[in-house]
Amino acid sequence: MAELNTLNNEWVLTWLRRSAEVVARHKSELSELDRLIGDGDHGENLDRGFSAVLAKLDAEPPATPGDALKLVAMTLMSKVGGAAGPLYGTAYLRAATAVGGTLELDAPLLAVMLTAARDGLVARGKAEPRDKTMVDAWTPAVDAAAASVAAGAHPTEVLAAAAAAAEQGAEDTIPLVAHKGRASYLGERSAGHKDPGAASSALLLRAAADTAAGYGAEEAQQ
Amino acid sequence: MAELNTLNNEWVLTWLRRSAEVVARHKSELSELDRLIGDGDHGENLDRGFSAVLAKLDAEPPATPGDALKLVAMTLMSKVGGAAGPLYGTAYLRAATAVGGTLELDAPLLAVMLTAARDGLVARGKAEPRDKTMVDAWTPAVDAAAASVAAGAHPTEVLAAAAAAAEQGAEDTIPLVAHKGRASYLGERSAGHKDPGAASSALLLRAAADTAAGYGAEEAQQ
Amino acid sequence: MKKLINDPQEVVDESVAGFGLAHADLVSINSDPLFVTRKERPAKPKVGLVSGGGSGHEPLHAGFVGLGMLDAAVPGPVFTSPTPDAIIPATQAADSGAGVVHIVKNYTGDVLNFETAAEMAAAEGIEIRTVLVNDDVAVEDSLYTAGRRGVAGTVLVEKIAGAAAERGDDLDAVAAVGQRVNDNVRTMGVALSACTVPHAGVPSFELADDEIEIGIGIHGEPGRHKIAMEPADGITDRLLEPILAELKLAAGDKVLLFVNGMGGTPLSELYIVYRHAVQVVEATGATVERNLVGNYITALEMQGCSISVLKLDAEMIELWDAPVNTPALRWGV
Amino acid sequence: MKKLINDPQEVVDESVAGFGLAHADLVSINSDPLFVTRKERPAKPKVGLVSGGGSGHEPLHAGFVGLGMLDAAVPGPVFTSPTPDAIIPATQAADSGAGVVHIVKNYTGDVLNFETAAEMAAAEGIEIRTVLVNDDVAVEDSLYTAGRRGVAGTVLVEKIAGAAAERGDDLDAVAAVGQRVNDNVRTMGVALSACTVPHAGVPSFELADDEIEIGIGIHGEPGRHKIAMEPADGITDRLLEPILAELKLAAGDKVLLFVNGMGGTPLSELYIVYRHAVQVVEATGATVERNLVGNYITALEMQGCSISVLKLDAEMIELWDAPVNTPALRWGV
């Protein structure tokens, strides 16, 4: 897959399945991050949402990337709750709108899709960079994806760049003092811990990149 | 004092003060015994009662042994609460009645006084020997006092015999299964612990004997 | 031990003082000796109801002083019965000429102190009846114990006897209906944690992280035995088993089901217990006609609950439904 | 973690089911999606009141469904706001043609989910107003945070706005009085222990044996700072200080004083806090005209409390006193 110029619906479906699997695997870790500066449910929340996504994908796999992303949006919106549900819901919904009916996603469209998702998050949650939220994973990811596209990269490279930047962005939330979400109530005491939403965002973007790169694709499909 | 044929009001007052001091000193120990097989308040309860006794003795020392014992009875009855309050209250009240207006208590009268106290306890609480209650300290004490009187002992010796028997009786409650009071709810689990009421009874009788023997009388009077 | 208290010796006085301030429309506090009475004396003579016992079971008993329930409550020190010198004036205050019923939980201390007080009040010309509550089926063998303890059933006795007094029943009738409630109610409790008496400062018993204590009372005393922690439904089955074995419910029987919190267990968990308890009780063919779920007779901050089942008759239902206006139980007014 | 639960995933469903069984005379349960409504729909159109949020705060919100308070409540998972797919049908059920007020505690999750639901319900033709409750003075600097949290003041908003709806006020008026309550109430909380979310299985934060957490919220999140354990009066002073600094009470002011338990603290301790709180509040010259003391908005089995002071006007007093008939708050009926 690494040499392809576009990613298709199968990539999207595999990515989403892998997302569900990754979230399940990191559930306790995400909840533990949230316990330290929030209320300890972020892993649980996301896992509830992605389990439901998985069930729906099994029941009736959507035919287009746009439909698949919309299904995720609606499912997360109605199953996750908390802050993350509407935020991720909006992000996937904007991503779905961005790809429209397109069946083959090329590198520029992937960057546009990621940007739309990030803009959705910001529109809904009003967080600014360095507020210690998931936005701090998404914004570097979007910037890296854009730079990568400008440098003529393939989709796989674009996603790899986005994932790496998101991971770095999540790490970089550690020293920050939270200004949004529950963690903001801790004031200075929120510094020193990684933001759980940034951490889950990095996992989801890493799942996208890994799927594109074909790593462990068989396991994820099981 | 050890050679006297009678004990007087001063002995009673000193005994009562020493009782208050001994109870205060053993408060935590008695409550801990009660925590193990009851509700952990026996030391606290008795200490509340004897502190009040002390305050009244300070305010207006009774003129006769009978009045002093009655004062203790009424004070314990109204300040101790729980099971021990009415039980000790009745015991001291019966003791007061037994000595009547007598100013000098000889050995036979001391034995009669202890017997009356024990009978009061039994009348009020309906406990039988080996039910693991304060009766198991008092009954051997009463028996030992009677035997001691029959052998022609002095008051000091009678009280020493009673105290030693009460202490032994309290020890002997350890293997018993309680059939009265809160400890009875534990069933078999009450075995293996000393009954707190038997323990406090032994302390009070030891205080009587020590006072008569003159041990530490100065400290107790301070 | 961390508690929202000041001096451990002042816990009861300060708490009752706060209670009195919060419910000044319903109750008056007499502070020395300590007892709580209704704000208003009855317009015409009615049977007075007095209860009391150690503190630490809040809202019992003071929380049940008011129209349709108690006329006076006598709080002792924490987990220690009050003394006659408080019970007697409370009894006098509750007497409006029609006599007084003492509702006493069966603990040696309560029994002896109320007994003494009743003798002395009777000597002063007040007619007294005593209803001894002993609903705790955890105490199996009353021949070899101080007898069954009075626990959550007390609340039901106070409500139903209180309604009988309010409608004008005479002394014997009020005592009789209270006794009938006691005879038809059975209770069993479980603790998930111990509680700490303020002046003791250490927990009343030890429980490992995976143990629970079955058959506890309400004074932080250990129960009959420890078992390994179980799901709520299993615990509920265990609590109901001895209760149902005694009550022998049959199709057509009506019951009041009471799930009582021990103080430190969230209401949400009590409802989980209640849900399964209804299923188990109704499997006998009986129907749950009335219920009560909440913290009504507690053991400080103990975690756990008790389940009580009261076999109802038509009169008890009528009296249960009658208006009540107390700090802790209120309806119909 | 020992709790009276079965499967941690089923805690909310089973608890609400038990709640529904216990209060079948007052409420109906819709189980999928989960929401609670009044048993009876209003005879003539009235403004509907809907609230909701994460579970674990019982009796809030479902316990306040009934005459004179909420029309519907939407319980989310423990400490997690519910989702639009439950809020929307609850809103529809609460709508009798006069519009619906959403009472939302100011947490990002609640705000976003209720916002989404309100947009969608509005799109279906229901007029919606939202009262955002943010009474928690522990959050000092709302410029740099998600803003003040909605905590115990929510109960007072629900009661008073509920009474306004019941007497027939229109949508804007009901929302306005709810907003006025919010603008005049301030709350501050303290935890003596953390709580454990069932599916997490570990306490939400750590506290040493001699530490307490000041300025906590109601979701087991840590507070603003830890301090050494203190007597109740000192803690009460600390909680009231920022409240009184903001409310600037003066002689002649009337307030409602609300001491709310976090779930694991005995009622007796809440009254100890209440006692001193009255002294401190009345030292400003204001008088405590109404009060509420008990577990009304909790954080599972957390030990601790919050104090709220609401500056009252005549209309609020009238609406507070108006009849209410819900599982957790009842008077006048």
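Note that the chains take the letters A, B, C and D in the order they are written out, and that residue 1 is the start of every chain.
By our rule, contacts are C-beta pairs under 8 Å (C-beta built on N, C-alpha and C of every residue); 3 or more make two chains touch, one makes a residue touch a chain.
Because the structure is a prediction, the values reported are computed rather than measured.
Participant: By the touch rule set out at the top, what is the minimum number of steps from chain A to chain B?
Facilitator: Graph distance in the chain contact network comes out at 3.
Participant: Averaged over CA atoms, how far is the centre of chain A from the centre of chain D? Could you give it in whole Å?
Facilitator: Here the centre of chain D sits 33 Å away from the centre of chain A.
Participant: If you average the Cα atoms of chain B and of chain D to get two centres, how far apart are those centres in Å?
Facilitator: 55
Participant: Okay, what are all the chain pairs that touch?
Facilitator: So the chains that touch one another pair up as A-D, B-C, C-D.
Participant: Would you tell me which residues of chain C are touching chain B in their complex?
Facilitator: Residues 54, 76-85, 107-109, 112-113, 115-116, 138-141, 144-146, 149, 197, 199-200, 202, 204-205, 217, 219-225.
Participant: Where on chain A is chain D touching in the complex?
Facilitator: Within the complex, chain A touches chain D at residues 31, 35, 38-41, 44-45, 48, 77-87, 89, 124-125, 177-182, 184-187, 189.
Participant: Which positions of chain D touch chain C when the two form their complex?
Facilitator: My answer: residues 2-7, 11-12, 14-19, 21-22, 55-56, 58-59, 63, 192-193, 209-210, 212, 229, 231-233, 235, 263-276, 278, 288, 291, 293, 295, 298, 300-301, 303-305, 330-333.
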